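In the two complexes that follow, subunit A is the common piece, with subunit B as its partner first and subunit C second.
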Partner chain A sequence: MGWNRKVLRVNLTTGTCSTEPLNMAWADKYLGSRGLATKYFVEEVDPKVDPLSPENKMIMTTGPLTGTMASTGGRYSVVTKGPLTGAIACSNSGGFFGAELKFAGWDQIIFEGKSPKPVYLYLENDKAELRDAGHLWGKTCWETEETIKHELHDPQVRVSSIGRAGENLVRFACIVNDLHRAAGRSGVGAVMGSKNLKAVALRGTKGVSGIKDFKEFMKVTAEKKKVLADNAVTGQGLPKYGTQVLMNVINEIGALPTRNHRDVQFEEASKISAEAMHEKRPTDGKAHLVTNAACFGCTIACGRISEIDKGHFTVQNNPKYWGASGGLEYEAAWALGAANGVGDLEALQYANLLCNEDGMDPISFGATVGAVMELYDLGILTAEAIGVDSPFGSAAALARMAEMTARGEGFGKELGEGSARLCAKYGRPDLSMSVKGQEFPAYDSRGIQGMGLTYATSNRGACHLRSYTVASEVLGIPVKTDPLATEGKPELVKAFQDATGVFDAAGICVFTSFAWTLADIQPQIQAACEGDWSLEKLNEVGERIWNLERQFNLAAGFTAKDDTLPPRLLKEPAKTGPAKGLVNGLDKMLPEYYQVRGWTPEGVPTEETLARLAL
Partner chain B sequence: MLKSLHIDPMKCTGCLQCEMACSYEHHGVINPSKSRIKVFSFEHEGRKVPYTCTQCSDAWCMHACPVEAITLDAATGAKVVSESVCVGCKVCTIACPFGTINYVSDSGKVQKCDLCGDNPACATACPTGAITYVDADWTGLDKMRQWAAKANTAVAAE
Partner chain C sequence: MRVSFKLFATLTDLLPPEREGNVVVLDVEEGTCVQDLIDRFRVPPKSAHLVLVNGVFVPPGARAGRRLMDQDELAVWPPIAGG
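After this line comes the complex of A and B, so read on.
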């Protein structure tokens, strides 16, 4: 059956834990994880709720394939209302935490209320216990994980925690598990911090036994692993180069946002690329990259494990950063690097380590630094105000701002508000490269037109993981489309958005979609889960999830006016590269997108659409 | 031909497909905590190392067992625990220098790798070739081949 059919509800206000059966009627309509938890969330939470108030809830959730031998079946999601955006937030993480939750016998944990004092949840199979976390408050994610393992006398415990960023309610704080995997975006870590919940520690020894047809499941998951192994992207490119393989590619097509999107190509891109991570450094003769690594059950293994240059100015007096650790992935390398014009790979890794250590989303953090550097460039912010000289390209400024934000010191408190609030405060809201308050990831929508529509309509604010049309527009997966054209993009974006919802809801990694389509996932779900899971049904589940999230956002106060891009992308043409002279053609795509979605011209799902999706 | 499990930690990504496969083979569930092969992660070195019983010829566990619950499977060379004979005294877990025979509290018996009757599920599941099942007399064959290739290159360069 895939699901454990068991939900843990933790009331942090009263300090009580209770068990309830999973709503299987909802599971049949929303599958799991992102879909199912969002259904729970919208049923239980007022859309107008202040994200950082006790009335907001936070759900840690798994899918039916989480904790199984389906490749990449280790994902879990955190669903809540995001403090960065005020929209529905669903942040997804790999590592080993999600599978452990399944092994302990649960599908999801619903956190509600606010604890009067710092606590952490310890879950050992059926036993759930809130424990004092007073001694953990003020500690980093790394220290928290180590301390919890030590005090529970159990090195096999899996921990998700917030660092100081989450405690300080940094609006892009994330929840870090297994040292360097994170539910990264939209500030889910700040929600956890607002609840005085420091960590969740899991130990599960029950395993997953409820697969509907085990024999068929083992057979089909083995076949589908072979599909991943035989594919050039998932079988070769990602394991060898990681997501960083994109740095030079995206730069070449003129879609690498540089210096807060002033430029679309970065002259030092090759210095912060995957290839650079493989090269031996002149300083110590070692390559930055140590090895690749897999999350639970993943046969792709795109993760990067690196060793920073011990002699680099950022860490030369700080041996705790000298060991192997996670990074750099493409999004982080871009946000910490090109977005700020910084071409110093070691400095990027240092900032990335601080993001992992204290739980910050490197995309939103890096992009916020980019906005600050532009405000500095324009003379609106001074070195005195920021605390450091902050011209574009300054590795020292990047490192210092990462320290300040992670620790909540000085100007770091302003950085922790994210670029939208910060730029508005200094009178230049137009300089925040964000949608619905969330910063762009690493693709400039002048050079990849479909990504403009993706960002504008993403239910959790600007994001590449809601419809990765880069796959089609740049890599030709599943079919090649012209990145500079707007024609056909509304249908493309809708198709990607709906399919991605299913990948997320199933509990597997969206990176499998470089090789798999829904037709590859369908038989895996069919073998694991009770009920009839046809391709048509899965498509409908994806579309239903998208519309459910949209309805929540509309009820939260968002309108079609929020489905837009910053003026820079709509008015300032790209200066170089294949997209030179182009702006994003959102006005050509958006009305058609609403139509394709079955929404009114105001972006509201019609009665017909809602009825068709049984919403 | 007798075969051995051969482990190359350099190829391991830490995905735990082996642990899942082992638990499914022996317990019918996907449950790494019941696996007889274990992947260790050395975070600060960036190393992952799968570890399991190497099937000692002169096995400490077998000698230590007071009820002769551990016997040699002559076909595979595996030292196999007979659950019906094992009394769960755990003396074998003390005797084994490598820690690769372990007590299972659910059953009250010990368990160890039995090579799945000559078809180890972990090796089949491993996506990177970090765990292979090879000729017991030639576990070093791949390494020899690699060095041999280098030797040839060196000669050619001269």
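After this line comes the complex of A and C, so read on.
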């Protein structure tokens, strides 16, 4: 078995912890992590629940390959109802926390209720206890992790925590583990904050046992690691340049959203690219990038560790930010940079550090800053209202807004509501570049048509990690398709959505999909888990997960009307680049997508589809 | 005629020292094709993965016959990905 077969249930209202067996019938249908925890969640939680109420639950969950020798097998997910979207939320993180949960002997932790006072969960193998966190409340994620390790006298404890953003219920607050890895999207950190749960600290010494066919598992995981090592992307490109290598190519094809999607190309893209991270700064002669880094069990090592320019205005009087730390990754560099017209790499790293330190999703934060800068540009918001002059391109405004939002000061409280609520408040809901309330990541769907359908139909709001058709439309993985065409995209999006669900449910990183297909994962799962895990079955698991999430969202009140894009992307043509003159052709793709999915024209799974998927 | 030639990621070092960032501006003869410049700068065939002229992908089979025009921008990447 790849599962520990054990679930910890933590009732925060009563302060009690209990153990229950993992539902193996569900594991057989949903595999693990995103899939299995979503099944638990929809069975236990009213879809209409207020995400920030005690009635919402939050599940920290692993997959059967988490903690094993499978490459990248260190992932864990947080499943809940998201306060940014009101939709199902599943945020996935690397680092070492997920593997430690498996080593302690558990598959997942279900948190329910609300603690009357701040607490943290300490889990040491079978021992689980809620501890007072009064002294941690008000601390950053970095301070919290350091304090917990110190007071437990154990530097090897793994900690996931919220910073002040989560405490202040910032709707895009994330949960940070290992200092700079995060369950980042949809505001899962605010749910944790609403429960007065400051942190989860883990110590597991049991290792992983019970792999079904250990000899075969070691053989096949070694073979598949070689596939990653021999692949030019996962073996060379990602370790050396990280995800930020996309900055120039996405700009070149005219799909880099710039200044709140007013433009599709950023004239300073090269300054915030992966290549720029390698260049020596004229100020101190050092490159921004220090080294790459890997999460648990990862043989790719795409992570970036960087050092900010100590003389930069953001940190010159603040030595605590001078050390090497996480970032920049592509999404953060885009959201904090191009989305706001800011081409100052050091300022982006500073804002990124604040996001890591206090637990904020840099995508939603950066995109919300972009919306604020447009409202400022239009004269709807003033410098007095915001607290800082905020023209597009202002690194000072970006830095100040990051500080205000992280600390919950002044206008930062409004920023913390996210762009959809903020823009609606000021009478311009059309200026929020979001779907279902969640801000876009770094691909403009006028220049990459399939991503428009991806965003519109994503179960957790706009997201690239639910169907990364960029791989095919731009990068030629597994085959090159035309980014400006709508033909064939419904099938492509469905295929990516379903396959991604399996990668997530298995407990491995979706970046392996640049070299692996499901056919590479299948023998690893087959060797690890009891039961028959054919390719057909895994495909069905992915499709089942997608439909389960869809059903939850429909029951929560979403309809086909929510499967859309902001008017800017549907009505304002791209001004430059290959997509010049184009809008996103969602109207051509969406009806066909519903058909391909086996849904009604209203976007509801048919009885036949539900029966086929045993839902 | 004058074209911009760009090499990125692990190909950056194949550009001459006078490069500005990832770009060199070249004076080339009329009729110069995409593949001509790829060969001139000794880009290994396997590394000429993503080849764009003015942002539009040129498939491998079309590169030898695709003539560059004045002010064109030719950009080449090895296999890359991110997210």
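Criterion: the second predicted complex is superposed on the first by the 615 of 615 C-alpha atoms of A that agree within 3 Å, B and C clash if a C-alpha of one lies under 4 Å from a C-alpha of the other, contacts with A are read in each partner's own complex, and residues count from 1 in each chain.
Here is the rule we use: a residue touches a chain if its C-beta (ideal position, glycine included) is under 8 Å from a C-beta of that chain, and two chains touch if they have at least 3 such contacts.
Small disclaimer: the values here were computed from a predicted structure and weren't measured.
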Partner chain(s) touched by A:Gly476 [first = subunit B, second = subunit C, both, neither]: second
Taking the superposition as given, does A:Phe514 touch the first partner, subunit B, the second, subunit C, both, or neither? second
Is A:Leu381 touching anything from subunit B or subunit C once the two structures are fitted on A? First, second, both or neither. neither
Regarding the shared-chain residue A:Phe214, is it in contact with subunit B (first), subunit C (second), both, or neither? first
Which superposed partner A:Gly254 touches (first subunit B, second subunit C, both, neither): second
Which of subunit B and subunit C A:Ile305 touches, first, second, both or neither: first
Which superposed partner A:Gln244 touches (first subunit B, second subunit C, both, neither): second
Taking the superposition on A as described, I'd like to know which of subunit B and subunit C A:Gln236 touches: first, second, both or neither. second
Per the touch rule, the subunit C residues reaching subunit A in their complex are 6, 8-10, 12, 21-22, 46-47, 49-50, 52, 54-57, 59, 73, 75, 77-83
Subunit A touches which residues of subunit B in the complex? 13-17, 20-21, 23-24, 27-34, 43-48, 125, 127-128
Within their complex, state which residues of subunit A touch subunit C. 231-234, 236-238, 240-246, 248-249, 252-254, 270, 274-276, 302, 329-331, 464-465, 468, 470-471, 474-477, 480, 482, 510-511, 514, 577-578
Within the complex, which stretch of subunit A touches subunit B? 67-69, 71, 96, 99, 103, 156, 179, 204-209, 211, 214, 218, 225, 229, 239, 290-299, 301, 303, 305-307, 323-325
